[in-house]
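First chain A sits with chain B, and in the next complex the same chain sits with chain C.
Right, the complex of A and B next:
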């Protein structure tokens, strides 16, 4: 599956990251998030709005909003701690070591400049090379993301391009300085399903060619099933479950993971006698809700006394880990 | 054969955008029987929302017929359309932008009754509260404002507002695409129960074929302003006939690791 020996050092490591709202001690956005990713690997971070997946990616990029603060934990790139709260220092890290692709390509591009200039800007920000050489690299990058006629297209303004083409430009920008990690935050959510497939195939091909590690942040479990090597499921600011994609889909242990899988439409597995989806009752708790136990307990069909009283720590069975006192039995139907 | 609830025949819509004439609906014909859920599926820009707006009388057709229970409603002005509009209601994608933020929820839900002058004020409020309860909102939250509700709850408000008129036809335009999967399931299940209990018919507009497969009776695939394929939902999924449908299904990642990865995702080619 992944061409890295188990002993290889991870390229990116997030350890017990905790993020909260400044001057609001009760408001905890990330309670404890830890994960590792190796070169050439795709890790999917899955969860619903408010679970903290986008805050995790902003923290790694050193792009935390002013209103929030780090309360603990660290982010390490090839073993060295990243100064994620130092915006100036992080400018060197962004694009050169860690690239990022956002959900809305239009919002990531400046409408007033030709797209080629914007890719050029990224290169010139990080590398001191002659303009002609940098421009040649822009054209090469646009060709590598399969944009037609790159020499002409480089002079197009964003509004002239389709959503899929814009996302290719953003991917070209993210990869312009050969980063070793790419964070893709809902990169295909705004795109049609056929374009989504093209963009994901492009990302996987670039990964095969460059060995870039991809952190894919998504709510789309179908996308995860077919593009990720490993999955981390987040709920309300903590890691509910992580494991190899196959293990997690075939034998989910956290009731939230199971609930997500059951609530996701799958035409091949329709409930007999009519299409009703299995729902998860209730909603995600507020970040300021001081509940003492597991944050999923109020919605959980398996919750017991202990779940409402204390917070479950992570339990590992090999590479498969989950934070639950009363997990779904390992052997599933 | 009885008269269909809705019947559309060779409908065309074109309008001017700046200096350009665009033609988003190009000769569409379809029928919706009473009690049926018809899903209209297509990619962005295929004309599906324009079609919905035209059925609702928010957009004038340039040619063709729209019949509601046998009565011609295409191109009627507001006044002439009003008696039909109470029977055709709609739910939109973004429940927040479709709810007036300065009105209390119970006012918003009874507003259609006010417009159509149904019952007295006490009766309207009673029906609004009953409808809130029906869609899973505590009636004593009626004095609150839309911003005090979550996305899923706001969509429940939108549904209550549409159904308080007891319409025959509910047009749902991407009603769950802004919602998380667990909330999406709650809303889809609610719509399914309401249909069963109130004898509704749905025209359900979506880009998500996998979602509509779970509850639609029939699916109409729309591509570049035309319906390219119609059939029972199961048949469209398992045996697609048109090239567009096949391309779409080939690109859909089914959330199942035992299923082969769709060809459109594979790089080993």
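Right, the complex of A and C next:
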């Protein structure tokens, strides 16, 4: 499952990233997020809507909305700091070094240009090669993402293609310049279930071929279990827990992770007499809520005095880390 | 790489041409009756100019012009003339109507074309700039300017421009299309006409410029907020390319529609502009024909203008389908 030796340098490293709303100091979207990802690895970032998953990915690409600013922390690509607040400098990074796949394939392409031209645009932006050669690569890319009849399909306009086909085009676009990191922000949420599986299989196959590191942002734990090497669980702008997928699913330590797993349909648990789904009571706190302690404390069944008074720092047990004062006991066996 | 060629929509074109011909016929008939409602005719106007009210002279003129015929007969004669592309003779100007109109046509087309170009090009460049710098000073400046231009009557702007640029500053001539007495030829003549063209073209374009700026700005802001713009940004392409290649081409679609419907207004506006600036165009001819009660000339101009508007609209529909591949002409 882990294709990289533990000593290898991470290809992408996010360290204590903090993001807030401009001119509103109280509104803090990301409070502290750190993670690393190595070549060939898939890291899933999981969490409820509004926990800061998408903002993290936009920040890495330097695509934060105008109303949002970085308040601290760093993003490093192969050891070098990324100038994420410099739009002009980030243009050389986007697609060339870090590609991105978005949630809505139906809205992701310009309706007025043939899809092949939109893939071509990426190559022409970053590489100085003859047009015919670039076009040949476009056709090759479309074939590699399993689109039928690529020479003809390249001239189709987006409205002629299905959601699954469009997402394949978007993936081809994101990988056109062989980036070393691919950020996939809910890449299958808008698609049919059968198409979802196809797209994820495609991403994994392309990863095997190219060694691209994938940051998979999702709230679908089923998807995570099948595709991710490691998982990071986020809650209200914090990293709650991080670990190998297997460890995290079998022995979650953070009560929030436990809650998420309990709220996910699981035939095995039901068969074992595990009972019905349990929801996590309450809602995510507002980004401007100045609570001093753990942001999960108001909803946490294991919360204690200390949880409401101060913010828990990350605790690591090997590769498994969590931010909790009173973790779920590691019940093994 | 070879694009798939789109078929020419012959069926669509044939149907639209047929509809166009029917529309022109209807316009001709309706205008014919409308103009009959106006008091007086060319015979009276001519007799008035000759300083006589002799009923016999007027009756003689009427017989000569065919104005004594029954209305139905006159209408039929008019339609037959239209069908054979013979617009008849203007007794007021003592010239073939077609000659009269086609002498004036280039001046009007030049004025309209220039004004339309200024309005569309200016509207696109300023509208895109305003949208790219939304709510920052370039946008505020452009939007305020557009609001001022939009709120000011065009003829007043024309008069004020004459006052400021021609009378006070002396930069441009006050009126006319060229300095006839200079007997310019070749390039000198072009420069001279361009010099005369600046003020009327600017005056006529200003109102539309203001509308187009607002239209392009609003359209751009809407498109720039869409998902595919963020996807395109994630491809690493520049903001300028993003604005012009992706956002503008989408935002310009409503502009194309509006410009198409405005072509008729430009012709109507030409009457005013050509009068204010003494521009020797069809608008001016129409104005004169109206005062002289030269109904045949007036009708011919009206029918020609409506033909022009119908053709312009057909061109707009074709253009729309070329810009937007999701539109299919059936």
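Assorted remarks:
Note that the second predicted complex is superposed on the first by the 325 of 333 C-alpha atoms of A that agree within 3 Å, B and C clash if a C-alpha of one lies under 4 Å from a C-alpha of the other, contacts with A are read in each partner's own complex, and residues count from 1 in each chain.
We adopt the following convention: contacts are C-beta pairs under 8 Å (C-beta built on N, C-alpha and C of every residue); 3 or more make two chains touch, one makes a residue touch a chain.
Note that the structure is predicted; figures quoted are calculated from it, not measured.
When the two structures are aligned on the shared chain, A:69 is found in touch with neither chain B nor chain C. With both structures placed on the common chain, the touch criterion links A:108 to chain C but leaves chain B unconnected. Looking at the shared chain after the overlay, A:264 reaches chain B, while chain C stays out of its contact range. In the superposed model, A:277 makes contact with chain B only, not with chain C.
Looking at the shared chain after the overlay, A:146 reaches neither chain B nor chain C. Looking at the shared chain after the overlay, A:170 reaches chain C, while chain B stays out of its contact range. When the two structures are aligned on the shared chain, A:91 is found in touch with chain C, with no touch to chain B. The residues of chain A shared by its contacts with chain B and with chain C come to none at all.
Considering their complex, residues 48-49, 163, 192-194, 196-198, 200-201, 204-205, 208, 219-227, 245-246, 249-250, 259-261, 263-270, 274-281, 283 of chain A touch chain B. For chain B in complex with chain A, the touching residues are 43-44, 150-152, 180-186, 188-189, 192, 207-211, 213-216, 237, 247-248, 250-259, 261-262, 264-267. Those residues of chain C lying in contact with chain A across their complex are 1, 3-4, 226-228, 230-239, 246, 249-250, 323-326.
Of all residues in chain A, those touching chain C in their complex are 61, 63, 87, 90-96, 99-100, 102, 104, 107-112, 114, 116, 118, 121-122, 125-126, 131-132, 135, 152, 154-155, 157, 159, 170, 173-174.
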